[in-house]
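Given below, in the form of structure tokens, are the structures.
Two complexes follow with subunit A in common, the first pairing it with subunit B and the second with subunit C.
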Partner chain A sequence: MVKPLEYLTYRGGPGHWSWILHRLAGVGVFLFLLIHIVDIALIGWGPKVFNKLLFLYRAPAFRTGEVLLVGAVLYHAINGIRICIIDFWPETMALHRKLTYAVGIIFVALFIPTAIYMLSFVVK
Partner chain B sequence: MQVTLRIKRFNPEKDKEPWWGEYKFAAEPTDRLLDALNYVKWYLDGSLTYRRSCAHGICGSDAMQINGSNRLACKVLLMNLGQKITIEPLRGYRVIKDLLVDMDAFLAKYRSVRPYLVTHTPDPEKERLQSPADREKFDDTTKCILCGACTSGCPSFWADGEYVGPAAIVNAHRFLFDSRDEGGEDRMQVLNTLDGVWRCRTIFNCVEACPREINVTRAIGEVKKALLYRKI
Partner chain C sequence: MNGAGRPKPESGLELYAWIFMRISGIALLVLALGHLLIMHIVHNVDHIDFQFVAQRYATPFWRTYDLVLLWLAMIHGVNGVRTVLVDYVSPRGWRTASLASLYLLGFVLLALGSLAILTFQPPMAP
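Right after this comes the complex of A and B.
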């Protein structure tokens, strides 16, 4: 069968890369949700235990990770809308390359200022 | 021009692992890749194995992975590939030898969608008529030559060999949208499943790979939509 790394060596079109990014972003968000469920559940042990964990969220590495998380959610959402559009209106598939590039442009336009804003708090 | 063909070789009777064979020779820039493969086989290494038949992009025999993308060797010119060309067998199929892959499972899936006109009503006196507008609905999907480039370029197929695959869906589309056909219900048993059209993730590798320029993903999308709104 095809090995995981071979998914990266096939030279498909922009749709191939957009699918890989969509998967990675989806898995990333899912993994964060698992951590998030655990930390929220800790409130059951009272405010002391819960507050103890907050140091983790204030750590620079975690806050940088949060920027990536926002990027993953943003990309997954915008690309998801593109997939919904082409699924419900197959005639738009004639424009599939342009739609994929449009997702990239919208993502960059929204993510770059957001990332700069979020990282400014990490630097402070 | 000087070209170097880097070909993934594998003979299950002799080799434990696939290996890369390199063949350097002079060729015309306007030669097709198939001409270059023939040169290797006829003058440099007669043991090289690959499929070819018509050599004019009609039979669909010589689909292979060329510089990372699925193409027909008879439809690409050397001048468009560069001097170093990497050739591998189609992905996702069992390699019989070198570039020759086992297409049995692929063709079994093709047959599973009943790719022929199915009718239940009595035959008319003369013929089953169809308007040009109705004929237009499936024009694109009549062009498939069953080369397997689309299915082999599909990551959904790489992950799940049971997926019926783009080629079979294209051929199902050709009859599902034929106003004379009455076999939609039978085909739905194959297509309206997890390993049917719903395995497609609209990645468009099939569209990029198709040597006949069929908008494969659109055909799959039309089948999905027809299923969703129960139009079949």
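Right after this comes the complex of A and C.
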């Protein structure tokens, strides 16, 4: 059992942080998947019920959450590529620090413009 | 150090779970990012309504896409949360209870989602 304080004091470096972010993003996306299944299942009750529900998803708070969701999936995906590279080609472990920074750079480069584009519909 | 993710298990079900996470992850890279790109960026909740889904589900292609995405995402997600629970929930009773709830929730929602995708009837064109 890891105490919360140990997260802050353990100095695992960038690999440690990418591991924490990977878990947080994964659990967050999973929780959204559960809700998303329920809302899509409502389509079986016809257009009235389904279209009524969409007002909820069009609310600014939900659309901001949607941007966070895209960020979580994107980070989990790019970091997942790093995990696969190192696990399938163990010799790349020598580059692990560079790969971790590359994940951060690629994530920021893709997420910032995407987030600005998505938010432009919220504040129109 | 022997890898970036969870250390590769020696054998058995844990080894298959470890391999599955990586293979399904690569598939989800295309399926989940493709889904986000189409449904949340190119289109977005301003365009999506019942009519949009009805047109999308008029042919089997997107139903199959969504069904494969749903199953891979759910199994990938349940297995990921299982790893997290095993890491943090050490008391035996709580661990069993939390894992059982996870499996039950995953199973029920996978069934509900599959049913929604497979049984949806697009209304006749007006």
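Going forward, the second predicted complex is superposed on the first by the 118 of 124 C-alpha atoms of A that agree within 3 Å, B and C clash if a C-alpha of one lies under 4 Å from a C-alpha of the other, contacts with A are read in each partner's own complex, and residues count from 1 in each chain.
Simple rule for what comes next: a residue touches a chain if its C-beta (ideal position, glycine included) is under 8 Å from a C-beta of that chain, and two chains touch if they have at least 3 such contacts.
Keep in mind it's a predicted model, so treat the numbers as computed, not measured.
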Simultaneous placement of subunit C and subunit B on subunit A, clash or fit
clash
Touching partner for A:118 - first (subunit B), second (subunit C), both, neither:
second
If we overlay the two complexes on their shared chain A, which of subunit B and subunit C does A:15 touch? Say first, second, both or neither.
both
In the three-chain superposition, say which chain, subunit B or subunit C, touches more residues of subunit A.
C
Which holds for A:93: it touches subunit B only (first), subunit C only (second), both, or neither?
both
After the superposition on A, what does A:83 contact: first (subunit B), second (subunit C), both or neither?
both
Once the structures are superposed on A, label A:38 by its partner contacts, choosing first (subunit B), second (subunit C), both or neither.
second
After lining up the shared chain so the two structures overlap, which partner does A:30 touch, if you call subunit B first and subunit C second: first, second, both or neither?
second
Name the contact category of A:106: first (subunit B only), second (subunit C only), both, or neither.
neither
Superposing the two structures on chain A, identify the stretch of subunit C from 4-12, 76-84 or 112-120 that clashes with subunit B.
4-12
Indicate the residue numbers of subunit A shared between its subunit B interface and its subunit C interface, in ascending order.
1-2, 15, 83, 86-88, 90, 93, 96
Can you check the complex and tell me which residues of subunit B touch subunit A?
65, 67-69, 91-92, 153, 155, 158-159, 161, 201-205, 207-209, 215, 217-218, 221-222, 224-225
Looking at the complex, which residues from subunit A come into contact with subunit C?
1-2, 15, 23, 26-27, 29-30, 33-34, 37-38, 40-41, 43-44, 46-47, 50-51, 54, 57-58, 63, 66, 69-70, 73-74, 77, 80-88, 90, 93, 96, 99, 114, 117-118, 121
Could you pull out which subunit A residues touch subunit B in their complex?
1-2, 6-7, 9-16, 19, 83, 86-88, 90-91, 93-94, 96
Contact residues on subunit C for subunit A in the complex?
1-5, 8, 22, 25-26, 28-29, 32-33, 36, 40-41, 44-46, 48-51, 53, 70, 73-74, 77-78, 80-81, 84, 87-88, 90, 105, 109-110, 112-113, 115-116, 119-120, 123
